[in-house]
Every structure is written in C-alpha cells, then in structure tokens.
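Common to both upcoming complexes is chain A, partnered first by chain B, then by chain C.
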Partner chain A sequence: MFKAIVSASTLRDALDSVSVLVEECKIRLNEDDLSIRAVDPANVGMVDLTLDAASFESYEADGGVIGVNLSKLEDFVGMANADQLVELELDEETRKLNIRIDGLSSTLALIDPDSIRQEPDIPDLDLPAEIVLEGAQLDRGIKAADMVSDHVRLRVDDAEEAFHIQAQGDTDDVDFQLDAEDLIDLTSGTADSLFSLDYLKDMNKAIPKDAEVTVELGEEFPVKLHYRIAEGQGNVTYMLAPRIQSD
Partner chain B sequence: MQFAEFATRASEMEAEPADLATVALVRDLFCDAGDDLPVVVRFVHGRVFPAWDSTTLDVGPRLLRGAIARAAGQNVTAADVEDRLAEEGEIGAVAAGYDFGGQRGLAAFAGGDDDGLTVAEVDETLRELAAAAGSGSEDRKLNTLFGLFNRTTPEEARYLARLVLGEMRIGVGEGTVRDAIAEAFLAVEETGETTDSEADDEPNDETRDETDGETRDESEERAAADDDEDPLTRATDEQLRAVERALQVSNDHGMVAAVARDDGESGLADVRLEVGRPVQAMLAQAGTAADALDEWGEAAVERKFDGARVQVHVEPDDEGETAGVSLYSRNMDDVTAALPDVVEFVESRVDAPVILDGEVVAVDDDGAPRPFQEILRRFRRKHDVDRMRDAVRVELHAFDCLHADGEDLLDAPVTERHARLSDVLDDAGAVSDLLVSDDGDEIAAFEEAALEAGHEGIMLKNPASAYSPGNRGKNWLKRKPDVETVDLVVTGAEWGEGRRANHLGTFLLSVRDGGDYVEIGKVATGITDEELADLSTLLEPEIVSENGQTVELNPSVVFEVGYEEIQASPTYSSGYALRFPRFVAVREDKEVADADSLARIERLAESESR
Partner chain C sequence: MGNADLRTLAALSDVSFDDVAGSVVAVDAHNWLYRYLTTTVKFTNSDVYTTSEGDEVANLVGIVQGLPKFFEHDLVPVFVFDGGVTELKDAEVSERRAQREKAEELKQAAEERGDDLAASRLEARTQRLTDVIHETSRGLLERLDVPVVEAPAEGEAQASHIAKRGDADYVGSEDYDTLLFGAPYTLRQLTSKGDPELMDLEATLADLDVTQEQLVDIAILCGTDFNEGISGVGPKTALKEVKEHGDLWAVLEARDAYIENADRVRELFFDPPVTDDYEFDTDISPDIEAARAYVTDEWEVPEAKVERAFDRIEESLVQTGLDQWT
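This part shows the complex of A and B:
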C-alpha cells in the first residue's frame, strides 16, 4: 500500500538527484520515509536519498518496493507547476503508479524491481576533512575545472586551513581556493583526491545553488557530498570513487 | 570463466597461424567453459547475441572511442584515441595500449573485492547495453562501457573492444566454431591402444600410426610432447554434418554447442526450425540453363524477381489461428515494421504455423515490377512507414516453404516444397510460377517472357534438391544478362585494418563531369591480397592528404569495375551509386580523360530503368 501527496518541487528535487546517475531505480516505500539508493553502471558514483514522511503533505506506506523508469516519472511530474501538489498512489493489482496533478491523471507502468541493478552497499568511510560550503561555490569550482580538464582535484591544505578545487589540463591549470572564512565550516585534515568531472558535473547539476553542501574528503578516498532538500526533511548523499593520482 | 582467461585463450588463437591448431585451441576452450559455454561460443566469433537475433549492441566506433578515452584517464580525448587508431589500424591494439583502471570503483571501499570480470558479467553488461534506448541512452552506454574497460587488463581490453564491434580477428570463423564443437563434444576418444589412465591424452592421428617400426613407447612420447598443440581432428564427417545441420536450422552457435555437449548427436538431430527464429537464406550461383540441364536432366525454373529477399514467419495463437507475422531480410534482420502491407497480406492469406521464403517487389499501378532501388525505399525503413507505403507499392512473391504445420521441410525436394507453398498460401498470384522442364527451348522461352515482363532473369533449381540455408551451392542457379563494367577514376581510398593496415583497402571511385570528378561509389571486393599490395604501391605516391584512415588521391588511375545495376543515390556526389561493385582490373591503357563520363552513367541508368 502506498498513497502520498507531495509538492511537485520537492519531488522533482528528489528525483533529479537520482536521475543524474541512473535511468531506473528501486524506490523503497518505508513506513516513515521514502528512500532510494542507486549506483551508476560503472559502480563509480552512488546516491542515497531519503525523504521523510514529514516532507509530504500526506504519506501512507507499508514497506513495499517499486521499480521505476526515472525519466518517464520525471516527465509526468514535470507536467506540474512547482507549487502544485502531486498525488501518488500505487495500484497493487495492476502494479502501476497512478499520478494525479489537479485534473490530470496518468498511469506509470512499473518495472520489476528484480530486473534493476542491485542497490549498492554503502562504504563506511571515516574521512578526515569536512568542508561545508554553498552549492553555488561548489558550482563555481567545478565550472572552472571543466574549462581545462576532465578531472578535478579536491584538496584540503591542513597548514593553511583552505579548501582547493584544482584542475590540471594539458596546458592550462585552475585553482579555486576557499579559505576557512569563505566557507560555512571547515574541519581541517589531510585530504587530497582526484575525481572524474563527468560524474561530478552531473551531481552538481542536481545540487541546488543555495543548498548547504557538506563535503567529506580523504586521501585517495571517495568523496561524500550531502545536502538537505524538502526544507530539511529530506537528505541526499552522493559518494564518488576517486581516480588514482599518477605521480 | 574469468574474462581474463577467455582473453588469454583468444590471444593464443590469434597467434596461431595453423587452422587445425586453432580448432584444437577453440575445442579446449569449449571443453573448459562449463556453464558459460553458450556465451563463450558466441564471444569467440565476436557475437553477443545468436546469429538469428537481430539485436545489436548499437555501439558505433565513435562511442567506443569515447569509452576508451574515458577509461584511459586524465585528459585523454576521443580524438586522441582516434589518432592512435590511425597509427595502429585496429581498435583492439589501441585499447590494449592504454593503462586502464585508474578510476577506482566504490566496491573497493565497501569491503568488496574486485575479483576481475567474468565472461558471464561481460555478457550480462553488454546485453544491458543493447537494451538501453531512448533519451540519454548514448551516455549510459558510454558509461557502462567505461565501467567495463575500467576493470580490464590490456589483454582483456583488446578482446573486449573487438567484441563490442563484433570482430574478434583471431582467425575463428563459423567453420572453426562448427569443427571445434564437433571435436569437443562428439568426437570419440580413440581408446583402443591407450590405457584408461591415459584417456586424457590426445590419441595419435593416422599418419603417426602408419610410421613403420616405431615402437608404441616412442610414439606415445611424441604425442605427449606435442600435447599442447596437437591439432588432431577426430570428428567424423557425419558428426560435422550433424553440427552443421543444427547450426543451419537454429543459427544459434551457443545453443548448439550446449546441446552437443549435453545430448550428443541425437540431441542435435532434434534441433528444429522455430517460427520466429529466422534461418539464413539459400543462395544461388550464376549459371545457365545448359549448365542446369547437363547437371540435373531437368530443371525447376522460376522468374527471378528484382526485389528484396524476405523470410516470412507466421505464428499461430493458442487456437491455431494466424497470429503473429514476422518478416526477416536475407541477413536475418527483422524488417517487419517497415512492411505493414506485407504483414496484412500474409495475415489474411496464410495458415500458421509456417515459414516461407520469397521476395518483396516494388510494383507500379499495373502490377509490373519496378527497379530494385524502389524496394530499398521501403526495406528497413523506421520512419514515415505509412507515407512510403502509399508511395511505393510492394508485393510478396513467395517461392519456397521451409516449414508448414509443425513439419520441417528443409530436406524435402524443391517440387514438394513448392506444392506445400501452394497449399498454405491462399493466393495464386503470390506463389511463384514453377516450370519443371528438360527442354532448353521451353526454358529459353520462359526466360524471354520473364525479361520482357520486367524481371531480372530466371532462377534454375535442381528439382530434387533440399533447402540448404546460407549455402551458395550448385543446386540453385541464377541466370541474368551479362554483367556490365564501367571505367572509373580512383579519387580516394581508405587504409585497411589489422593485417591490411599498411595497405589501401577501399577505393573511392569517381566519374568525369566536365573537367571535374564526381563520386559514384566505393569498391573493396574482388581484390586479391597481392593486387592490394600492388595497388597501394601504385596509389601511395598519389596521396594528396590524409585524415584518419581516409586519404584523398590525385585522379590518375582508372579502374575497370563490374556492377549489377546503376541506381540513383543521394550518397555520392554524382547522384548515382553502383549496386554490387567489384574490382576487375586497372586500366593501364587508359588515361583519366578516357574514363567514363557522368553523361554515360546517366544513359546507362536510364536504359536500365526501362
């Protein structure tokens, strides 16, 4: 059983954060929240999303799992204005999701959850550095890096207490330095890892510019990016595996 | 089986020049494949899907280069990969030249170990790739391929890249696969003189047994020493035929291998045609009525339709009523969606289950055949099907029946199959007229009438012969007016691939248009390796510029090129293209100014369409 009403903008923010990585996913309809966990086909980038029951206008669920094609679902939800409410209801018999937006009702055929790539185990990482910044700052660093390279180096300089978003191209370099006072918060530690911009750009697309993004970083370790959505009632965590830094 | 193991075996096959030794290597691979046998059998000759299945990965060279670039590492672009390809000549070597694996996976941090790719995993991932469709599918395909390459060693990368493009280049063709299946699972160990404990040793071949005065011990020693590369062929002709037959009927090498292993020859004999699983079309050689009558005494004669070959599969529903109709091209591609009018016709006139062979022909309002190029406007069309349906009327002309009402008819003679065809197809106009005659004059009159009616010529069939799928044997002959040739200027070429990387392989042909040259097609067939080397020597000094594998040539050499038809085509700047172009000779006696002009091509095309 699943029946929920949610604002279109909340649902869209949530779905966007997953659809940048995968085309299909399982949605867990838990009693207290809705959650999605998915990893990209190359097993490099992962997303872990929860939307608390409190982020819905109304929410009833009993722990089922459904499989959806995200771009189709996003198309349907895209028919709503940001401030409109979307009503979702699972038809247990037909295994279809009924979606109602004002007078518009549509039916989305679901996918057998068993046919969807397995949900990843979440690496349990103890990362030494933690940077809290605005989505817009991260966006600026990533855009700058993208001008010169297809990879970006995220680094915390423990001595100068600064976070660097750096990139090195064949001929050109960029370095975006954010000191402790530029940041919302910084827990300094030795951290330096290289990441593919193909992934980071996609993740960045989903991160609202005004969101407070927490970046957890280590030495040649995956990076964790998390931010809250749905006015604090939802959480998105991205994890991205590093590329080995030659020399 | 680990994919690394498969790659190692593949590289051994690639390094092995002798055919028999290659068969032995493939046989050993099949014996060791276990549950992965069907996949390994397909992979070894560059397939992910069975031959009958027209599903493709739909990954072009460009996408593959992108995936390789991404796995290759920081700031390697698809253009860099393309540059290397121009140097190496072959994508496998390019992929093997990079050091992949710089991008780590998350699993390594979640306590999981990467035990390396398995054959089953590669298969599953490539099938997922093939299923990706719709918006963003290009990106997902690139990402998926990147994920695979990221986990490969250079040797694995070499064969993964080739597998993705469907060309393994390890000297293993369909024949090798057939022989290896028979060797692996049907050939009986010669245990006569060897003891049980040596049953795994290769038995000696006959030449060795004939060696006079050699003691048993010496001979065994030699056998043991040769063990690794002993290219023994022990399968009997009968066993090879059993495999061959099952392959022809099913076009599923993986399945046939598993049946041979699990159920032996009797299992293979039970492999049947299946409605919905296309078989290769039987093909014809060029020949004359005189050839036919000399050989067979009498000949079954039909009009040769100038259309596109089509295989019609009609499936019954639970009540036995005609339900699903599928149409396949000569190469077993599914062309059902492009020909709704043929589907409707079959639905109303044919009793399921049945498999028919025929031609789809474009016709004018009077029902007279139109040129071949008209049918091409319909065949394989994905868009505007309805509009083209009105613009180009087509008709089905069936001439053979391979399966009717649960009974396979491949082994039945032409005349019986034709009789069954008349039974199952309720429209005399759609069933080919069959003349069985031993009279040369009668056949000549039939041919004349066929040509006059606008057909391409006649087909001559051995009335007693079976249907041999995929076989261009002597039991079917096509009789057509003589093939024409034209003299064309070579204005460009492409470097070959693999073994031919140092030679120009495909030649761009042009005709004179005033003082200029306009392109009319490419020729790559009909050229021997030796001629290829000579042509490269002749043309290399004429290279004006190079771009990747493509070169532009100074117009200086004239080729005589055979063709079957000239058709209007937007592909080339002349507005025409040659159907089935074939290299005949270099016209050393001709200057480029003596080559054929566009005006002559226009006249030839016009005279053909009459």
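This part shows the complex of A and C:
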C-alpha cells in the first residue's frame, strides 16, 4: 500500500538527485519515510536519499519496494508547477503508479525491482576533514575547474585552515580558495583527493544553490557530500570514489 | 576453429556489462589476439605496424585497442596463452597453414593486379602468431600489469580450468569449445561491439538433458578441432542418437561408424593438459608511460595510432570504485 501527496518541487529535488547517476532505481516505501539508494553502473558515484513522511502533505506506506524508470517519472512530475501538489498512488494489482496533478492523471508502468541493479552497500568511511559551504560556492569552484580540466582536486590545508578546489589542465590552472571565515564551518584535517568532474558536475547540478552542503573529505578517499531538501525533512548523501593521483 | 555446431546446442543469453562488472575473465589469449590482429591488419596500412627492421607488430595496436573494453567495464582480464600445439590438432594446424599459403598466393596475385582492397583483405588471412608477436604481446601486457598465464597446451582448456577452480568468474572466448572443457560460464563477443553473450554450461546441460560427458560425445560426432565428425551428422542428430544410445561408443556401434582417435579426443576434453601451478594478481597497476614507450619508441608504432586507446586505458584505470571501501 502506498498513497502520498507531496509538493512538486520537493519531489523534483529528490528525483533529480538520483537521476543524475542512474536511469532506473528502486524506491523503498517505508512506513516513516521514502528512501532510495543507488550507484552508477561503474560503481563510482552513489546516492542515498531519504524523504521523511513529514516532507509530504500526506503519506501512507507499509514497506513495499517499487522499481521506476526515473526519466519517465520525472517527465510526469515535470507537468506540475513547482507549487502544485502531486498525488501518488500505487495500484497493487496492475503494479502501476497513478500520478495525479490537478485534473491531469497519468499511469506509470513500474519495473520489476529484481531487474534493477542491487542497492549498494554504503562504504564505511571515517573522513578527517569536514567543510560546510553553500551550494553556490561549490558550484563556482566546480565550474572554474571545468574550464581547465576533467578532474578536480579537493584539498584542506590544515596549516592555513582553508579549503581548496583546484584543477590542473595541460596548460592552465585554477585554484578556488575558501578560508574558514568564507565557509559556514570547517573541521580541519589532512585531506587531499582527486575526483572526476564528469561525476561531480552531475551531482552539483542536483544540489540547490542555496543548500548548505557538508563535504567530508580524506586523503585519497571517497568524498561524501550531504545536503538537506524538503525544508530539512529530506536528506541526500552523495559518495564519489576518487581517482588515483599519479604524481 | 571451434565448433559452430555447438552454438545451436548452447544455452546463450545476452548480458549487460553492468551485470558482469567487477569480475575476472580468463581470456583465451590466442583467440582474442587473433581477432584484433586480423581487424588491425585489414583496416590499417602495413607501414603503421612494420618496424624499420621489417617486424610486423599489428598485435600491439590490437592489444591497446582491445583492452579498454575490459577496463571501462571494470573487468579484469587474465590472458591465457597456448603452450605447445596438441598433437591431435596437427591436422587443423596444417590445414590453417595451407589456407594461409593459399591466401598468400592470392594476395600476391591481387597485388600484381593492383587490387589493393583485395590484397589487404587477404593480408589479414595470412596472419599468424610469429615469435615477435608472442614476445611483444607479453612485453606490452607485462608493462600494463595485465595478468598472463602460460598454458601447458590449449589456452582455452587452461582458461576453463581456471574458471572451474573459481579463480576466474568467466572464460572469455569466441569459441564454443569452452563448454566441452567444462567452463561454467563463458563470455562471448568481448571483441565485438555491444553487449557480451553469456554461455552457461549448467543451463546447456539442463536444457538438453544430457551429462557433460554426453555433450562432449555429441561434439565429437559433429566434429571438433581435434577430429572430423561423421559425415551428415549435425548437432540435432548427434543429440538424439547420444540420448538414445547413451554414449559415443554405442552410437558408433549402432551406426557401424568409426572416428579416428575418438578415445584420445574424449580424454583431451575430459582431462586436458592443464596446470594448477599459476598465480596472478588481479589488482592492476599499469605503467602507462612504459607501455607507451614500448609500443611507440621500441616497436615504432606511430603515436597517433595508439594515443587515443592509451588515453582510454589510462582514464579507465585511474578511477577507483566505491566497492573498494565496502
């Protein structure tokens, strides 16, 4: 059983965060929240999303799992204006999801959850540095890095207490330095890792510019990015595996 | 080569690279190399892969172009090279040699006619694995830290053995003989575009309702790399008769037919010369620069020809996967 009403913008923020990594996913319709965990086919980027029941106008579920094609679902939800409400209801018999937006009703055929890639185990990471910044700041650093290279170095300078978003191209370099006072918060520690911009750009696309993003970083370790959606009632965590630093 | 009749009997299914990501594939090296060698030769001007000393190293171009397919899909290849030629295969080898000589003659005729297209197509058919190709293939794989296993005899038998022992998840081969050698799972079409094809031994036996021994008997009746089959007997007839009579000997008796060396061919599939004495490290850390230098400086392949492929190899290997931390 699943029946819920949610604002189109909340649902879109949630779905966008997953669709940048995968085409299809399983959605867990838990009693107290809706959750999605997915990893891209190359096992490089992972997303772990939870939307608490409180982020819905109304929410009833009893622990089922459905499989969806995200671009189709996003197309349907895209028919709503940001402030409109989307009504979702699972038809257990036909295994279809009924979506109603104002007078518009549509039916989405679901995918057999067993045919979707297994949900990944969450890596157990103990990362020494934590940086809290605005989505807009992260966006600026990533855009700058993208001008010169296809990968980016995220680094915390423990001595000067600063976070650097750096990129080195064949001929050109960029370095976006954020000191402790520029950041919302900084827990300094030795941290320096290299990441593919292909992935980070996609994740960045889904992160609202006004979101408070927590970056957990280590030395040649995956990075964790989390931020809240749905006015704090939803949580998105990305994990991205590093590239090997050659020099 | 191989036994295409087996295709009609084998349980085959398409799989996606996602499904097999993260696995180890024991590749029948000669089978794999041969495909890339002929393609390279067919579509490349021979100056590109001929050194100033006159050595032809099209294999180096083929290897760097073929490897990204594994790495980009998070597969670790283990290349299993043939050891000595199995005595029984002599007939096949000399037949291949005869075909090569024939192609060589035709190629010369085409060159004399000035038909370049026909000549380059025929050139592809004259390829064989020379000593230089053997040496340089291993030299390049070693620099790329790609595991290599030397088989005592047939590479596909050894690859199947490695998979049977659980040291590889799949055998990689375009041939169907890996079924006869008892490889639990074989990935085909690793050298072509698109998704691979999975050949499943257990499902094959279940579908046909025969034992592994009976499957080998069926293949022998149709003809294998090691023996001529019985004329007029295809996979369907062979399957029917083996099921009816029980085994090869009973079928031969009922038909009053004879297959030369049949007992030895059977023995070769049931108990091929293979070794447990191999080891390999599936954690690949290649020296890309050394590999580039080996191909372009030492063996004089123009950089432009292999640059993109090396970039792809580099790119696919420097990205780690999250599964390393779970």
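Operating definition for what follows: the second predicted complex is superposed on the first by the 247 of 247 C-alpha atoms of A that agree within 3 Å, B and C clash if a C-alpha of one lies under 4 Å from a C-alpha of the other, contacts with A are read in each partner's own complex, and residues count from 1 in each chain.
One rule holds for everything that comes next: contacts are C-beta pairs under 8 Å (C-beta built on N, C-alpha and C of every residue); 3 or more make two chains touch, one makes a residue touch a chain.
Note that the coordinates shown come from a computational prediction; the quantities given were computed from them, not determined experimentally.
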| item | value |
| --- | --- |
| Fit or clash between chain C and chain B when superposed on chain A | clash |
| Touching partner for A:V65 - first (chain B), second (chain C), both, neither | neither |
| Partner chain(s) touched by A:P222 [first = chain B, second = chain C, both, neither] | both |
| Greater chain A contact set [chain C / chain B] | B |
| Which superposed partner A:I122 touches (first chain B, second chain C, both, neither) | both |
| Partner chain in contact with A:V39 - chain B first, chain C second, else both or neither | both |
| Chain B versus chain C as contact partner of A:S196, first or second or both or neither | both |
| Which superposed partner A:M1 touches (first chain B, second chain C, both, neither) | neither |
| Against chain C, colliding segment of chain B, chosen among 273-281, 363-371, 417-425 or 525-533 | 525-533 |
| Chain B/chain C common contact set on chain A | 39, 41-46, 120-125, 196, 221-222, 239, 241-244, 246 |
| Complex interface listing, chain C residues touching chain A | 17-18, 21-22, 74, 317-326 |
| Contact footprint of chain C on chain A as seen in their complex | 39, 41-46, 117, 120-125, 196, 221-222, 239-244, 246 |
| Complex contacts: residues of chain B adjacent to chain A | 70, 73-75, 101-112, 125, 128, 132, 134-137, 140, 143-144, 146-148, 150 |
| Chain A to chain B touching residues, read off their complex | 23, 39-46, 71, 120-125, 149-151, 168-170, 194, 196, 198, 221-222, 239, 241-244, 246 |
